[in-house]
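The two complexes that follow have subunit A in common; it is paired with subunit B in the first and with subunit C in the second.
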Partner chain A sequence: MRQTNQRRHHSHQPSPQHRHYTLIVWALVGLLALPLLATLLYSLASRWGATMLPDGLTLRWYLELWGEPRFLAAFARSLLLCFAALALSLALILPLALVAHTRWPWLDKLMKLLMLLPFAVPPVVGSVGLLQLYAGGPLPLVGTPWILIACFFTLTVPFMYQAMATSLKAIPLRDLLDAAHLLGASTPQAFIQVILPNLRNGVLVALFLSFSFLFGEFVFANLLVGTRYETLQVYLNNMRNHSGHFTSALVISYFFAILLLTWMANRFSRSA
Partner chain B sequence: MAFLNIQCLHKRYADQTLFAGLNLSVERGQLVSLLGPSGCGKSTLLRTIAGLTDIDQGRIELDGHDISRLAPQQRGIGMVFQNYALFPNLSVFANVAFGLKQQKLDKALIATRVNTMLERVELSAFAKRLPHQLSGGQRQRVALARALVIQPRLLLLDEPLSALDAPIRRSLRQQIRSLQQELALTTVFVTHDQEEALTLSDRVVLMHSGEIIQQGSAENVYSAPVSPFAAGFIGHYNLLAGAAAASVLGRSTLSAIAIRPEAIELLDTPQADPRWGTPLAGRILSRQLLGNIVRYQVQCAEVTLICDCLNRSAADLRASGSAVWLGVLQAEVRTLAA
Partner chain C sequence: MLSQPIALNTALRRQPRLRLARGSLGALLAVLPFFLMFGLFQLAPLAWVAVNSLLVDGQWSLGHFREALGSPFMRQALGNSLWVSALSSVLGLIIAALSSYALYRSSSRLRELVLAFASMTSNFSGVPLAFAFIILLGFNGSLSLLLRQWGLGDDFNLYSTQGLLLIYTYFQIPLGVLLLYPAFDALRDDWQEAAALLGASPWVFWRDIGLPVLWPAIAGTLLILLANAMGAYATAYALTSGNLNLLTIRIASLVAGDIYLEPQLASALAMLLVGMLVLTAVVNQCLLQRSRYAPD
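So, the complex of A and B:
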């Protein structure tokens, strides 16, 4: 892929038309980046009231934010929830994908169907259902982080399963396992030494994607648990009446965390 | 007692019975080719020997012991797959070392044996590369080295050359044969290419829809097909039955006959000869140049025959439409079981 792209670039003289396209693209990027840049500027401004430009620049808001225990706690909770959900997802989906692609192909078809559910049911609708199910009864989970972990897990299923299925379909799975068996490896050994390394890149990308998705999740977190286990997004929502500079610093911090992850995901997918 | 002995093998899939009592034996140190059209069960037979596919009934003996209940890991069989099946995440060296690593051998010993094997297949310079950085022929040699380094009792090759270009195929074929003879390794080689089977093997086994149709030396299978299927699959036999057979033979016959294209002489005059009796009059329909061979289609009364001649000189080539006489070498006419 990359090779053909490179070749195309070499053979292409930068025509005037080409320059137009570049201009349009950059104009769009600038337009899209504008709110973000404004937020960044606002988060760095000491005061920005009646004037065209801020009075002065300061790191005060960031220092305040990163010194705020409630923020740090929310950040830590969000991280914990995401990691727990991803760990659960990995632990359950990986064996499932392996089995679906070696033993029981019908499982693959079933998963393709189940994968649509998180998209088919809007979060608001889903959370109302979950609230009814788990508010009382034998499993009163509403208000605890457990329900969020389970719920976040279901959100990761499409990404994780699809990534694994794609990686598994890209290798001659049966022949690789057969070859490993004939060379003396047991099935678990064969999976660990031969199959899993080939899934690594795909799974990492799916993990990063799911992470950035979950990290920004608000609806389920707010409706199912709310302030009883405040996550980053819920915290941001609760801070909406606080200083705009402060929340801007929060948004920018959040954005950079995600940017970092996206960049890492890109690195991994390119080396795949 | 044969080294590999398959007795009364039964295998059925949900919708079809593939093997119904198949028997096959391979002598120690022999290379046997399984030859047959696509879907006749060659790969399945190989996989049952390796233990990768379950059998319903039957015995598979290797060196006098029944191995049909053993796991693939315990059979001591090396196999090369059509699509190479190299481990994509491992280097050439690690691929070849894989089997020895499972045996938990000493690192230094593994390195020595792997390097020796890589030298044998002329891949020492590529030890650090990943499989996707190799050519098809190089990949297949890695697969071969990987199967051989564990010193298997039996080597199974499933169409190892079919994905390669003709010249590489020929040289690799020779390499496989000389390695096999050097190691005196009992080998089963699956192919659907008759030339490959004929040049390579001590014995050719011809299969058709789960049955063994004919087996024997290459010469025997080539020159004496036992059935219309065998004659149709090997060489470009002229297959004739009924009135057509009678008109070519000059006498009536009940069974079908098969005549190899090179067993028909093209003559300029209707000269009689004890080898072919009275020649048949014919007319050339078309001419096809196959390099050292020229293949003519000749209309001979109601019958169309294919005749091969050596391409000795351009002056000898006959034009389409010209009249010829055909001398059918009587000794080479095969009568087939109906």
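So, the complex of A and C:
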């Protein structure tokens, strides 16, 4: 697919028209990059008053940020929450996807329907019910990291299930399982040793994408837990009245984390 | 799907009932934890909201909906959410469509680079995005100061629906490009050449061939952008600490505000939002099914 596209597009001769299109593309890149570049420059500026360019450059704000215990703690909490939610998501959705593609095909149809739910029910709506159901009673989870792990899991369902379903449909699942059975493997053994290695890349891409998505989650984190278990996004919001240079350094540090994750996702999707 | 696995068939012949029962039990145990968690944290909250939006003092009633739609303040929130979402989606879609066509006509190296950049910026949303715009265009933003020096942009206020419209349009663009570009890839170069040979002007080509092919993707993208903007909360909240009157801001302030809480009224507003989002999802599904040119 990719190769045929490349061949087709390579046939375009550089023409005046071609240059116009390249110009539009670069205008798009410039437009998308503008807020980021301004933030980057602001985070490196020692002072930026009423001039076009800052007075001087410094790394002071980054040093201040990365020496701030509250920031480091929030960063660590966000990482921990994302890892926990992704581990949970993998542990719950993988068996589901395997059953849906080997034994109960109706489950796959049901999942296609359920996958639409997180889109129709944005976190703000979910929070209304969650705050009433889990503020007290038998499961007093509001204000604890546990409710965030559970909610983050629900957010990953569409990405993770879709990725697994696509990977499972791409391999000769029946033949692989039959061959494993003929060679004396039990069904769980066949899943772990034969099927899982075939899903590795597809699932890794979904994990990276889900991670960068969860890392930026603010609504659940702010409404359900807030400062009781402050995540990076909540911390960023609470720093609103702090120096703009400091918050810029925070935004840029966050963006570099996202950059790294999407770059890794891209690499894995290429080898998938 | 159609043929039973050979191994399972032979096993069934050997120990029919036992093997089947054990397998089904195993499958059930494998999917149960998922449905438990999904039920508790996705279905149950939605069910609570749906039921409580219709309960007034323990009686079934449409009172909360009447109260929500009767209040000018809530109607303003609903109106703001609708027009900011609709306008930002249309603007974002137009820019995304022009960019996607330009990308389709660009060299493959540039295209892959820009698509990777778009997928990165599509993750740049919520609180950090609001902050980046405050730094660029806020009261003392670098671009605001510059524009003011030139005597421009005096009447622009970032901390208003105007500013929100700008930021929403910004986050719709990379998303729109990522959703739309694959559809442009389905256009064949030779169609345009063939149409030109048969005497069609570029305008006629786009009216009779190009747009009909792209139309399901364009409509679907518009609906996804619309739903995305209507459900958004973080950007607007971070921009003004919740002082903008939007539907999502109203819902959140009724359950987690400082003054007094009305979770049932919040539920009614939430159900209005869910209703609109479900409607866009249903229309989108219909479009996908009707599309003769869908990828598969």
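The rule is short, and it goes like this: the second predicted complex is superposed on the first by the 270 of 272 C-alpha atoms of A that agree within 3 Å, B and C clash if a C-alpha of one lies under 4 Å from a C-alpha of the other, contacts with A are read in each partner's own complex, and residues count from 1 in each chain.
Operating definition for what follows: a residue touches a chain if its C-beta (ideal position, glycine included) is under 8 Å from a C-beta of that chain, and two chains touch if they have at least 3 such contacts.
Everything quoted here is computed from the prediction, not taken from an experiment.
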item: Subunit B versus subunit C as contact partner of A:Leu90, first or second or both or neither; value: neither
item: Which of subunit B and subunit C A:Val194 touches, first, second, both or neither; value: first
item: First, second, both or neither for A:Ser186, with subunit B first and subunit C second; value: first
item: Partner chain(s) touched by A:Leu131 [first = subunit B, second = subunit C, both, neither]; value: second
item: Partner chain(s) touched by A:Asp178 [first = subunit B, second = subunit C, both, neither]; value: both
item: Touching partner for A:Ala73 - first (subunit B), second (subunit C), both, neither; value: neither
item: Partner touching more residues of subunit A, whether subunit B or subunit C; value: C
item: Set intersection of subunit A contacts, subunit C complex versus subunit B complex; value: 178, 181-182
item: Partner subunit C, residues of subunit A touching it in the complex; value: 5-6, 8-12, 17-18, 20-22, 24-25, 28-29, 31-36, 38-39, 41-42, 48-52, 88, 91-93, 95-96, 98-100, 103-105, 107, 114, 116-133, 139, 147, 150-151, 153-154, 157, 174, 177-178, 181-182, 187, 212-213, 216, 218-219, 222-223, 233, 236-237, 240, 244, 247-248, 251, 254-255, 258-259, 262-263, 266
item: Subunit B residues within the subunit A interface of the complex; value: 47, 50, 52, 71-73, 75, 77-79, 81, 83, 85, 87-90, 98-99, 102-103, 146-147, 150
item: Residues of subunit C touching subunit A in the complex; value: 1, 3, 5-8, 23-24, 26-27, 30-31, 33-34, 37-38, 40-49, 52, 95, 98-99, 101-103, 105-108, 110-111, 114, 116-121, 123-129, 131-136, 140-143, 145-146, 149, 170, 173-174, 177, 185, 189, 227, 231-234, 237-238, 241, 248, 251-252, 254-256, 263, 266-267, 270, 273-274, 277-278, 281
item: Residue ranges of subunit A touching subunit B (in the complex, touch as defined); value: 171-172, 175-176, 178-186, 189, 193-194, 197-198
